[in-house]
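In the two complexes that follow, chain A is the common piece, with chain B as its partner first and chain C second.
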Partner chain A sequence: MSNPTVPEATDEIVVLLRAERRRQGRERFGVMAIVTGILTGGVTLTLSKVGSISDGGASVGFAIAAVLGLLGAATALLWRRGLAARRLEGLIGRRDRLQRVRNDRIYAGSITGWGLVAVGLSPMWRIVQGQADGDDFGIAAATALSPLFVVMSVAGWEGMAQLNRRWLEDEVTRDIRRRALSLGFIVLMPAMTALFVIGLWERDWVVMGFPATLMLAASVAGLRFVWLDQQAEGGEGG
Partner chain B sequence: MMADNESKQLDRSGRTKFIMLMIFVVGGAAILSGGLAYGANTAGGDTATTGLIAGIGAGLLLIGAIGGWLYRPGGPRWIVDPKEPGRRDRLQAQRARQLSILPALSLIFMGQAIGAIDHVLAGDVRWVDGIRLIVPVLYAWVTALIVMGWDRGSLANKRFLEDELTQALRARSMIMAFFVLMGGATLSLGLGLWRPEVGIVSLPFVLAAAGASAGLRFAWLFREAGRDE
Partner chain C sequence: MGDPRLGSRLKAVRTEAGLTQAELADRAGVSRKTINTVENGVFIPSTLLALSLAKALGTTVEALFYLTD
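And now, the complex of A and B:
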C-alpha cells in the first residue's frame, strides 16, 4: 500500500486512521447505549401496558432507559465526526471513502434497528389484541422491514451500492459478504425453529418475538460484515 | 489375486446395500398399506395416526426406490473401489444428488402435515401434531447441514468433499437460503399479526422452503459447474 514517493501523506493517513478508529469505537459505544436505552424503554412500556409489572418496576425501567439514553447521547456527541474524519477522507481514495460510508450505514442499521424493534413492540401488541389504528400498522411495517434493509445493504442491493458498484464490489467485499450472510443463516434457522416450537403453545408472545429474531439475524450479519471489513483493512497495513 | 479378492468383497458390499434398500421398499409399502388399511377400518377415526404411519411408509418407500435404482445390479455404483481416483467426484456427485432428493422428501412430509395444521388452527395441539409438523423441518435441517458440510457423512469424508468449488457453491446457496428464510419469516410475521396461529403454522413451510432452496441451489450450481457425471 505504501507509496515511496509520498511518505508523509501515507504516515498521516496511518495516524489519522488510528485516531478515527478510536473515535468511531467511542461513538459507536454511545449509539449502542442510546439504543439499549430505547430498547429498555420500549420493553418496559409494553410490559406495563400488558400489566405484567407493577408501576414501581415500570418507573425503575424508565429511569434506567433515561440514564442510558443520556449517557449514550453525551458519548456520541463528544466523539462525533470531526476535522480528523474530514481530513482523512480528503486523503484516501474514492473506493476507501465509499466503503467507509457503507460500513457506517450497515453498522447504524444493525444497531438502530433494535430501537425500532423496541418502539414496534407495543403497536404490535395492540394489533395482536385487535385494537390497532393506522399508525400502529405503519410502525409495525417499519419494524418488520428494517432487518431486510440491513441485509440488503450487506448484500449490496440498495441504491448507493448499485450506483457505486465499480468501487464497492471487489474480491474482499464478496468474500466478507458471503461469510457474513452465511452466519446470518446459521443464526436465523435455529432461532426460527425455536420460535416455531414455542409458538405451538404460546401464540401471541411468539408473534411479538418475530421482529427481534429477524433483527438478531440481520444485525449479526451486519456487525460481522463490518467487523470482517475492519479486520481486512487492518491487515492491509492501514 | 489380491485385486480379485478386493473386487469380490466390494461386489458383496454393493449387493448388501441393494438388498437393504429393497427391504426398505417392501417395508415401506407394508407400512403405507397398513396405515391406509388402519385408516379405512376406523371409519371417521384417527386421521392423525393414519397420516403419520402412511407418511413414514411413503418416505421409506421412496428412499428405498431411489436408492435401489442408484445401486441397481450392474449399475455404475455396484463396483466400489475406495482407492479409485474418481472417489472425490463420486462422493461430490452423491452429495449433490442427496441435496436434490431431500427437498422432495420434505415436500412429502409437508403434505402429511397438512392435517396437523387444522388441529393447530383449531387450538388443540396434541403431540402427534407437533411431530407431524416438525418432521418437514427436520428434513430442512438435514439439507442445510449437508450444504454446510456438518453432517456425519460429510465430516467423515471431509478431505474428498471440501474444496474451493464446494466452498464457493456453499456460500452462494447459503446466501440464497438466507434471503428465502428472511423474506418468508417476514411474511409469516405479517400473517401472524393478522392471526397469530396462521403465522406460526406458516413457519414450517418457511423453514422447509429455506432448507430446500439451499439444497436445490447447491445441486443446481453443482450441475452448472459440470461436475455431476
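And now, the complex of A and C:
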C-alpha cells in the first residue's frame, strides 16, 4: 500500500513540526514570562499608588517583575526561530505557511495584550479618581482595544486575513474558529456577570476590570484557536 | 469534528498515488492540516471538499469515504 519514496517528505515535515513545537513552546514560555513581568510591574505600580502595599512590598513586586522580564527575554532569545523553522517553511505550502504566521500573531496578541492591560491600570486608576490627563485616556483606549485585535484576528477580520483570505480561509479554519470563539463567549458571559455584581458595590472596579475581562475572553479564544490549529497540523505520522 | 460513522480511505489512496499530504493539499487547494484532519477522522469534509479531494486524486468520493455501519 505504501510507497517508500513518498512518506520521506511527509516524515521530514513531521520531524520538523515536532522540533518546531518544542522550540515554540520554550519561546512562548519566554514571551509569557516577559508579559507576566510587565503584569506584575503594572499591578505593583497601581497598588503602590492606591496605597494598598508598603514601599517594601512594592520593591519586592518590582524585583519579581524584573527577574521575570530578564528570564523571559533570555529564554525567548535562546529559542528564537532557527534552521528547522526555515526548512519547514520550505516544505509546506504557502497556505500552511501563512496560517502558521497567523497563529503566531494570534498567540502574540493573546499574551502581549495582558501587558497592555497592565500598562493601562495606572492611567485607568487616575481616570476613575478624576486626576487624568490626555495621555491617560489614550492609554486606556489602547488597553480596551487590544482584546478587540485578538478577536478580530481569530475571526479573520483584520488586515492580513482580508489580504490573504484565499490562503487563510478553509473549512478546518472555520471549524476551529467556531470552537475557539464559542469558548471565548462562554468565558465572557460569567466574567462580565461577575464584574457587574462587583460593580454594584465598587463601581470603580468595573472600569478597572473591564479591559482585563475582555482580554480574558479574547485570550481564551485566541489560545484555543492556536491550540486547535496545532492539533490539526498533527505530527503523528504521514 | 469527526464522526465514527464516517470511514476514510484517503490516506491509502493518497500513498498509492505517490503523494505526500503537502502535495495533495497543493493539488486540492487546501492546507496540509486539512488533509491531516480528514485522514485521521478528526474532521468531516464537506461535499465540496470531498469532491475536490476525489478530483485531485483522480477517483470518486465513494472510493475515498464510506459509511462504517
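Following the convention adopted for this analysis, the second predicted complex is superposed on the first by the 225 of 238 C-alpha atoms of A that agree within 3 Å, B and C clash if a C-alpha of one lies under 4 Å from a C-alpha of the other, contacts with A are read in each partner's own complex, and residues count from 1 in each chain.
Criterion: contacts are C-beta pairs under 8 Å (C-beta built on N, C-alpha and C of every residue); 3 or more make two chains touch, one makes a residue touch a chain.
Bear in mind the structure is a predicted one, so any value in this text is a computation, not a measurement.
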First (chain B), second (chain C), both or neither touched by A:84: neither
Chain B or chain C, by number of chain A residues touched: B
First, second, both or neither for A:200, with chain B first and chain C second: first
Which superposed partner A:229 touches (first chain B, second chain C, both, neither): second
First (chain B), second (chain C), both or neither touched by A:181: first
Which superposed partner A:140 touches (first chain B, second chain C, both, neither): first
Contacts of A:189 with chain B and chain C, given as first, second, both or neither: first
Which of chain B and chain C A:210 touches, first, second, both or neither: first
First, second, both or neither for A:58, with chain B first and chain C second: neither
On chain A, the residue positions that both chain B and chain C contact, one per complex: none
Complex contact set, residues of chain A against chain B: 124, 127-128, 140, 144-145, 147-148, 151, 155, 177-179, 181-182, 184-186, 188-189, 192-193, 195-197, 199-201, 203-204, 206-207, 210-211, 213-214, 217-218, 221
Chain B residues within the chain A interface of the complex: 120, 125, 129-130, 133-134, 137, 141, 144, 148, 170-172, 174-175, 177-179, 181-183, 185-186, 188-190, 192-193, 196-197, 199-200, 203-204, 206-207, 210, 214
Touch list for chain A against partner chain C, complex: 1-3, 5-7, 9-10, 13, 91-93, 95-96, 99, 170-173, 175, 229, 231-234, 236, 238
Residues of chain C defined as touching chain A within the complex: 1, 12, 15-16, 18-23, 25-26, 30-34, 36-37, 40, 42-43, 45-46, 49
